[in-house]
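There are structures below to look over.
Shared between the two complexes below is subunit A, which pairs with subunit B and subunit C, respectively.
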Partner chain A sequence: MPEGTLCNKMPVDTAEGITTLLSDTSGDTYYQEMKELEVDSDLLWKTIQNTCKSRMKTWLEICAHCGMCAESCFLYLVNGRDPKQVPAYKIQSTLGEIIKRKGKVDNQFMRDTMEVAWAKCTCCNRCGMYCPHGIDTGIMFGYLRGLLYQQGFVPWELKIGAGMHRVYRAQMDVTDADFVDTFEWMVEEYEDDYPGLTVPVDKEGAGIMYTVNAREVKHYPEDLAEAAILFHIAGENWTVPSKGWEETSLAMFAGDWAACKMQVESVYDAMERLKPKRMIGTECGHAHRATVIEGPYWAGRKNGQPPVESIHYVEWLAEALNTGKLKIDPSKRIKEPVTLQDSCNYIRNQGLKQATRDIMKHIVAPGYFIEMSPNKEHNYCCGGGGGFNGIGKFRKQRNIALIAKRDQILATGAKLVLAPCHNCWDAIRDLEEEYEIGIRWSFLKPIVIKMLDIPDHLRPEE
Partner chain B sequence: MHDLLTGIFFWSALGICLMGMLVRFIMYFKGLSWRLDRVAYTSYPGAGFKGAVRSIYKWLIPFGTYGWRTQPFIAVVFFGFHIGAVLIPLFLLGHNLFLKEKLGISFFTLNAAFADILTWTVVASAFFLVLRRLVLPEVRIMTTLYDYFILAISIAPFVTGLFARYQVGEYSFWLNMHIFCGELLLIAIPFTKLSHVFLFFASRAQLGMDFGIKRGGMKGTKMAW
Partner chain C sequence: MFKKILFATSATEASDHAARVAFNIAKTYQSNLNIFHVLGVPTRGYSQVVVDVKTKERVDVDEDYTAWVTEEIKIYYEKYLDEPLDYTIDVAIGLPAREILRQAKTLQPDLILIGGSTGDEDDIVYKKSSVGSTLQKVAKAAKCPVLIVNRPAASFWGGLSNIVFGTDFSKTSDKAFDFAIKVAKALDCELSVFHALDITSLHTGKMLSQDEIEQQIRECLRKIRSRYESRLKELKGYSMDVWEGIPFIEIVKYARDKQADLLIMAHHSRRAPSGDIKLGGNVEQVIVRAGCPVISINK
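Here is the complex of A and B:
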């Protein structure tokens, strides 16, 4: 049985297909079938010949095997300095080997490679900063994931995740109607506290088009209300699109490039349709990476930019605080040791370190903000990036991966961790659950709302 | 033999090396793809150029990057090897005299004592590079025979050069060996991992453009290499 009924080379693009996959608890049957899955070596080699060009070929060729990348990899550090966790080794023994053998690799090799690609690299890109030759192994792992996905060797959850984007243009089975209804319902809940609070849907020519992470709609609807409240108090002319509201991309984690394109195009279509001045995405790292940093290229936009200027939530928040659109009551600022998680996806990969530090200056009383070490571009991955958080099969490896962040947090002495990224937020929650170090963690929105100095005309009448 | 080595062999080796480097350098940049690499190279030449220059410059400075500073041992060994490996072939008095005779050009000449120190530093550093490969598990796991071969052909001109310099045994034999090894090295540059002598600049420039254009450069953030 080369092609399984659940595990095969076909992407899932129907709701029924997703339901069938989901009904296979923990992907037991899926992974059983994967053991029989045939490798299409011709397709693999042809794909490599068409897509592995100058940059990557040179990276693989000139790697001096010097091992300088070892120390840069948090997975190497937390796994007892296992030489098999050296980034250069990981990529040379997988992608390098596939190329050397011209795609003629077997099922066992592909399954081992799948584990390396999703459980031994979070595509955090930190090693790229430490290689004298400028070899970014994280980028190569992203590429390798695409090859594995094409051959059907992809973790169960990510096959489903990519399928969700294909079917719902969202990472979960949240429909456009669910999104609008939930947003409106959440805003209604807060109308009495914030008179005039609304969620303008599909308003053309607004200053801001706001996009979210589907799990906010499904599991954390408070977040939607908080976003609305902050835009409202800042006096922003904002809107949400009824279609193209999802900023995330599990398809990117899965290496399903066609689904990546479909997903970002839905957001870009909304931009074209509503013509906002700017797009702002929620507090999510990979969503920003997918829709703002990588997305334009998937969509074939040669200038590398989305149709309208698109910024991360932390950029908007920093701007709102710096310009006084949002005012903080100094007496309500954080007065306990607090640290900040720098998300790889928009700090290392888009240099937004100053925005988050500006925010900290506004919301933390002087002397209480403690930087992690290392920090900013050099910060370690939360331990759950690149899809790692969501893969049950690799949960044990993921829990070990959390140790780097646990120790970084412990070293700050802070009991509160601000994590403006869904993946980081999850990883930090999970590390508390796993290692019980007595910390709390939060997004920025709920923290900021509690300390706002709200103008009188926006307060409810007594 | 000496005439052959300094005649047709020399010209061929130099020609192959220079042409090979030129062709591969051009092919590298021609092969960059905005769509596959996901970097809008041509849309922002200014930002790309700045990022590229910075990325190369920072890494050429000993201890100029976070990476070099966090690993001082390899940084010292690495620069000990590479400074001599670049300066000696170009600026040694003997090489300059040879070039003057052959090409009618010569470069700045290194002080003889300093040149000796540099050459010995290259050899000593090579020893530590080998030692690293043998001793450190994170390097050993990736090390192949090919890596030792590259190191051997890189170091051979220096070792044979030293034999000639100190006239150990027969001078003319070591001189010929030295020239032969040097020519072998020249020919190997475009076709082996030694291509890094020029592809280093290409690869660093590429990542520099990536950061300069897409990963923060256009947001006004300079990558803290």
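Here is the complex of A and C:
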């Protein structure tokens, strides 16, 4: 049985297809079928010839096997310095080997490669900073995932996740109507406390078009209210699109390049349609990477930029605090040891470290902010990036991966961890569940709202 | 009166007292009872894994699992469900408070019925990001009255005859009064309107003389009369009282004194003239201590 009914080379692009896959609890049948899945070596080699460009080829070629990348990889460190966890080894023994063999690899090889690609690399790109040649294994793994996806060797949850984007243009089965409805519901719930609070949908020419993570709509809708409250208090002219509101991309984690393009184009269409001055996404790292950093290339935009200026939530928040659009009541600032998780996707990979430090200056009383070590662009991945958090099959490996972050947090002595990224937030929560080190964790929005100095005219009437 | 009741339950001991009241009311007033259980919090990002709040196990939630949980709930409440009762059972995944509110948004019940705290504050399943308990969040945001049964003592309930309504003279309290009148009329109960004069926080650092206290009590009584008495006359029986002390303690004492079988209060009355932000806290304290069910009204 070369092609399974669940595990095959076809992407899922119907709601029924997703339901069928979901009903295969834990993907048991899916992974069983994967053992029989045939490798289409011709297709694999042809794809490599068409897509593996000079940068990737050069990187594979010039790697001197010096091992400088070893210590830079948190997975190497938390797995007993296993030589098989050295980034150079990981990529050479997978992508390097496939190319060397001109795509003639077997099923077992592909399944092993799948494990390396999703359980031994979170695409955090830290190794790229330490390689004397600047070789970025994370980028190569991103590419390798695309090859694996095309051949059907992709973790069950990510096949579903990519399918969700194809069907719903969202990472979960949240429809456009659900999104608008939930946002309006949340605003209604808070309008007594914040008179005049609204959610302007599809307003043309607004200052800000706000995009979110579908998880917020599905499970944490307070986040939507909090975003509305902060824009409202800051006096922003903002809007949300009724279509193209999802900033994230599990398709990127899955390596489903076609779905990546579909997803990001839905957001760009909203930008073109509503012509906002700027787009701001929620507190999510990979969403920013997908829609703002990589997306323009998926969509074939020549200038490598989204249609309108797009910034991360922390950039907006830092700006609002620095310019006084949002004022903090100094007596309400955090007065306990607190640390900050730097998200790989916008700190290391986009250099926004100053924005988050500015925010900390405003919201933490002097002397209470404790940096992790290492930090900023040198910070370690939370342990759950790149899709790792969601893959049941690699749960054990993921839990080991959390150790690096656990020890970093413990070393700060802080009991409160601010994590302005969904993936990091999840990983830190999971690490508390797994290791019980007695910490609390939070996004920035709820923390900032609690300490706002709200102008009289925006307060509820006495 | 209570055509549709949403009973949010953990389907564990923590909800047993509330369950007794829920089934009792539903039977007495021929209500449609929706038994609603949030089985766990979705962890692991976008994965399908949930930690079940009852079993504490990590489970893959699929149709089979929710069907099994529904069956478990049926078995748990077997003794109530044996008798004729118009009920449905729904199971959801998510943060309990949010999912209860979402369910209420869909069902539009006349009453949400909920048990007290599970008591296990360190319960890792719900530790999550939630600030404050499920109860507080539901009571704050619900659009219909929320009936809370916290103590076992509050659940020995044989029907309604005496209702105590606690007021702080806020707008929300007026709404709560409308509801209290409606219930008292529909179920032919006596209604006692009560205000507790706060002698603790209102005058911090200043000891009130007894004359001053009594003067204020008289003022409050006048206020109660002018605000509520005309409508109270429509009832078969009513009384109006003001006691001084720590408000939540006085309310609980008063309810006991009146042998009340239901307490009605406004939950979110921060716009009270006194600006007393502790009033929300008062309701919570009353809920924890009351010897009868408490209905909290927000909107």
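A few notes on this one:
Assume the second predicted complex is superposed on the first by the 462 of 462 C-alpha atoms of A that agree within 3 Å, B and C clash if a C-alpha of one lies under 4 Å from a C-alpha of the other, contacts with A are read in each partner's own complex, and residues count from 1 in each chain.
Here is the rule we use: a residue touches a chain if its C-beta (ideal position, glycine included) is under 8 Å from a C-beta of that chain, and two chains touch if they have at least 3 such contacts.
Keep in mind it's a predicted model, so treat the numbers as computed, not measured.
Of the two partner chains placed by the overlay, neither subunit B nor subunit C lies in contact with A:F109. Of the two partner chains placed around the shared chain by superposition, neither subunit B nor subunit C is touched by A:Y31.
In the superposed pair of complexes, A:Y435 makes contact with neither subunit B nor subunit C. Of the two partner chains placed by superposition, only subunit B is touched by A:Q354; subunit C is not. Put simply, more of the residues of subunit A are touched by B, taking subunit B and subunit C as the two choices. Within the superposed three-chain model, A:N423 lies in touch with subunit C and out of touch with subunit B [touch as defined at top].
Subunit A residues in contact with subunit B (one complex) as well as with subunit C (other complex) do not exist.
Subunit A makes touch with subunit C in their complex at residues 22-23, 25-26, 157, 161, 171-172, 185, 189, 192, 215, 218-222, 250, 384, 389-392, 395, 422-423, 426, 429-430, 432-433, 436, 441-442, 446, 460-462. Of all residues in subunit B, those touching subunit A in their complex are 27-40, 42-44, 55, 59, 66-67, 70-71, 74, 78, 132-133, 136-144, 147, 193, 195-196, 199-200, 202-204, 206-208, 210-211, 213-217, 219-225. Every residue of subunit C that touches subunit A in the complex is listed here, in rising order: 42-49, 51, 60, 62-65, 94-95, 98, 101, 105, 124, 127-129, 131, 141, 268, 270-271, 275, 299.
Interface residues of subunit A, counted against subunit B in their complex, comprise 51, 53-55, 57-59, 61-62, 64-68, 70-72, 76, 81, 83-84, 86, 88-89, 92, 128-136, 293-294, 296-298, 300, 302-305, 348-354, 376-378.
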